[in-house]
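Think of it as A, B and C in the order they're written, each chain with its own count starting at 1.
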Amino acid sequence: MAAIELRQLVKRFGGATILRDVSLSVEAGEFLTVVGPSGCGKSTLLKIIAGLEEQTSGEVLIDAQPADHLRPKARDIAMVFQSYALYPHLTVFDNLALPLRMRWLTPIERAPMIGRFVGSAARQRVAQAVHDTAAFLEISHLLDRKPGQLSGGQRQRVALGRALVRRPKAFLMDEPLSNLDAKLRVSMRHELAALHRRLGATFVYVTHDQSEAMTMSDRVAVMMDGALLQVDSPQAVYDRPSHRSVAEFIGSPAINVFPAHVEHGRMRADSVLLPSHWDVADNQTVTVGIRPEGLTLKADAHGGWRGEVAHLENMGADLFVHVRTQLCDKAIVVRMPPQHGAGVKIGETVTVTRLASALTLVFDRDGQRIDPRREILSEVVNG
Amino acid sequence: MAETAAILPARDVALPARFSPRPYRVAASESRHAVALVAPAVGLMLALLFGPTAAALVISGTDWEFGAATARFVGIDNFRALAADPVFWKSVGNTLIYVAVVVPACVGGGLALALLIESRERFRAFYRTAHFLPVMSTLVAMAVVWQTLLHPTIGLVNQVFQFMGLEGRNWLREEGTALLALALIGIWQNLGYAMVLFMAGLKSIPRDLYHAAEIDGADSALDRFRTVTLPLLGPVMMFVLVMMAVRAFQLFETVHVLTKGGPNKSSEVLLHLIYVESFEFLRTGRGAALTVIYLAMVVGITLLLTRIIERRVHYA
Amino acid sequence: MSARRQPWIEGLARHCVLIGTSATMVLPFVWMVSLSLKPPQEIFSNAWQLWPSTFYGIENYRTALSAVPLVRYLGNGVFVCTVIFILQILVNLPCAYALAKLRFGGRDTLFAAVLVGLLIPPQVLAIPLFVLFYTAGIVDTYAALILPWTISVFGIFLMRQFFRTIPDELIHAARLDGLSEFAIVWRVMLPVARPALVAFGIFSVVAHWNDLFWPLIVVQSEQLATPPLGALHFANDEAGSNYGPLMAGTVLITLPLILVFLAAQRRFVDGITMTGLK
């Protein structure tokens, strides 16, 4: 299993900058997801790692060896594509066998008709490897079919098998689950995570779905507009996003953000004064972020934000109340257990308030997160 | 996934020596390969398509006759001679008349047939086959058949005319009717082609649009045709028109087999004239000049039609 | 169009009209077969009766087959069209793929050239090509019949449009698997392009099987005649009133393509219409 290192990758194409100075270290055996909105450059990043596209500047190292001048085949990396990219005219068996045939058979042995008569030992090894992989992925019964005859989930496994059969140094996955229906997607997430554990392989996974990123990865790399904003564990990205964009992208429903004005060293959001845990200069406007689970509705009108209920989302186990307040243009989303919100009706006036334990994030004008003062932090850590 | 499947055996095959790193640049590699893939086609395009077209242009400016050892450059003399030649103008006129008769008939008839066939499920394939059969047939052979059909005595056409009390004519041998007879054969041969294209176009119109139109109040067949069918057939219509026009200009077989341009040049058309001038009279220079005119006309009509229709077409 | 509420009388009217037009379309074929089976007396007397009173088919067909080498004509047609199509694939498919999927300098110019080439009617090339082949000494050979058609800008255009619908990822996967660019063209693109190839094949075979203009110019000997040329020779030979064998000959010449068409109608029509989806 290989570690992959990217050093200051820049990619420009036709006047647009697709990757801006991207540096990333993927450890051997790690499951790292690059997540970001569509068009942020993550697929391009993957193609550069694979050798399918060339970077404008910067280096790619695989297993500490420079890989920039290697052909895709020589980099020994396998890739699973969003559309699976299975050869439609070949059977599943042949699809799985092709990468091995290209590597283990000589050109003569590969020749269309006469190859059949030579190299039976190598051919045997190929067949054995294909059968092993098929058994591993439970697709042995599909070996004779063509991709056109398979369901989406089955094709996905074949695509995985084609990557797996080569025992490559690392696996690259370009949104492999986005073409599956919702239910299948969830079960495939489990399977991919299990596969990763079983193989101990290096997975570099790309998706725009932040829930995939959160549930499957060892580490998450958030990418926007060609730049990496944060690379951290899922929990760290969720609790301590380095940038407002990260906070807004990760988490569903999205985090509530609203402006707050600083007076006398304290932040005021609408009518409420927030605790003085942060060092902020006066007369500034900062952005505050609180996730729906950090808010609640309370009965009396003091010390909270008044607003009108615009929308109710009952998910069964959770109730999300959307409240229009003076804080910002968008409605504030509050999460609560359905029992507590049983009487809430649309149009009602309610008061939104912070929970004592709420994780409150503060971002400066540029979107960078401002940490609370050291003593507060250590309180949290020790207390 | 199989819980019990053993961990896959570790890779035991070392990478062969031929994988030794060699400088590999993606874009340059792609470029080199593309050039190799494209080279044969480009070479043949120059040698067999653009080269000859340019050559025709050059030859049209000479007085060369095939087999002669030398030729002089005569500028536009060939074109002047043609402009003064009544046969040339007759051919151009005949060609245009033929196109003006055949194209609307095929386009209109093709559309009507397509609408009729597509309006119900029954026997679609049979009707489609029956109407498309002439398109597939070898025109030279069928021209001979038409000759017998149009025969003044034994031909079926005249027999039918007599039966209806009308006078039969020698269709292919009379000045007034020769071109029309050829046009009839032309329509017969090409109608199915237009029809099949329209059928495909009709099939691609989403049903929902008709339903929406019905709800909006367009519930008669004519209304539906005007609000949904005709606009959405725009692109197909354009293609059919251009195709039919180009095919009509390529009229040759029936003239050569049945009338040889006669009687009295009443069925002489451009392409046949090119053939006669170049390969029977061997006046290659003149033939080339005719070819240039022919090219200009075909390209001109194609571009003209495309320009006119494109303005009125809604691309859904 | 929904036929839910239309009365049955409209359906009947539709059938009447269509049967009428179908009969008109099919009439020449029926007439052709009918005459090919009639003895001379019946040809000249009675046009209405389609089936002969005296069956003269065998004599007519025998005369037709012995008068001219009909089988040879058909064989030439098969040979020439097949070779043309194979060469067309070899030359034009790689070019279409490169235009659709690869980046290289001059790509847009080349595609523009292809579009311009589409406008040029093939007959425009006849004189210069004939002169060229004459100088090269290959007039009146199979090469002369085949060579001009090896380049097909229409084929390039059609296949390029088709290749553009194929996801790039398939090519990426093939490169990752280690296939060379050459292998990608022939082992991945060719099989995947089958629908477009079938459509183009039909177009190509029908066009060249039925072509009279070029073979008329470039072929002088009987042995090389393609079906249309053969039909022409036959008609000229049997000029006069030997209509029975003449019709028999035309039946034999037209039959193969018609039979193939009837057997694979769906493919033919799909092919013709696909070439229309410019």
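Following the convention adopted for this analysis, contacts are C-beta pairs under 8 Å (C-beta built on N, C-alpha and C of every residue); 3 or more make two chains touch, one makes a residue touch a chain.
All values reported here derive from a predicted model rather than from experimental measurement.
J.: Touch graph across the chains, line, ring, star, complete or other?
T.: complete
J.: Let me check something: if the centre of a chain is the mean of its CA atoms, which chain is farthest from chain B?
T.: Checked the centroid distances; the maximum from chain B is A.
J.: What whole-Å value do you get for the distance between chain A and chain B if each is reduced to the mean of its CA atoms?
T.: Distance between chain centres, rounded to whole Å: 54 Å.
J.: Cα centroid separation between chain B and chain C, in whole Å?
T.: 13
J.: Multi-chain contacts only, two chains or more: what residues does chain B have there?
T.: 27 - these are the residues of chain B that touch more than one other chain.
J.: If you look at chain A, which of its residues touch at least two other chains?
T.: Chain A, residues with two or more chain partners: 52, 73, 103.
J.: Applying the document's contact rule, which stretches of chain B touch chain C when the two form their complex?
T.: 27, 29-31, 33-35, 37-38, 40-42, 44-45, 48-53, 55-56, 59, 66, 113, 116-123, 125-134, 136-142, 144-146, 148-149, 153-156, 159, 188, 191-193, 196-197, 199-200, 207, 210-211, 224, 236, 239-240, 243, 246, 249-250, 252-253, 256-257, 271, 274-275, 278-279, 284, 287-288, 291, 294-295, 298-299, 302-303
J.: Give the list of chain C residues in touch with chain A in this complex.
T.: For this pair, the touching residues of chain C are 167, 169-170, 172-179, 188, 191-192, 194.
J.: Spell out the residues on chain A that touch chain C in their complex, using ranges where they run on.
T.: 47, 50, 52, 72-73, 77-79, 81-89, 98-99, 102-103, 162, 174
J.: Given the complex with chain B, which residues does chain A contribute to the contact?
T.: 51-54, 69-71, 73-74, 76, 103-104, 125, 132-133, 135-138, 164, 167, 191, 194-195, 198-199
J.: Which stretch or stretches of chain B touch chain A in the complex?
T.: Touch residues, chain B against chain A: 1-2, 5, 7-11, 13, 15-16, 19, 21-27.
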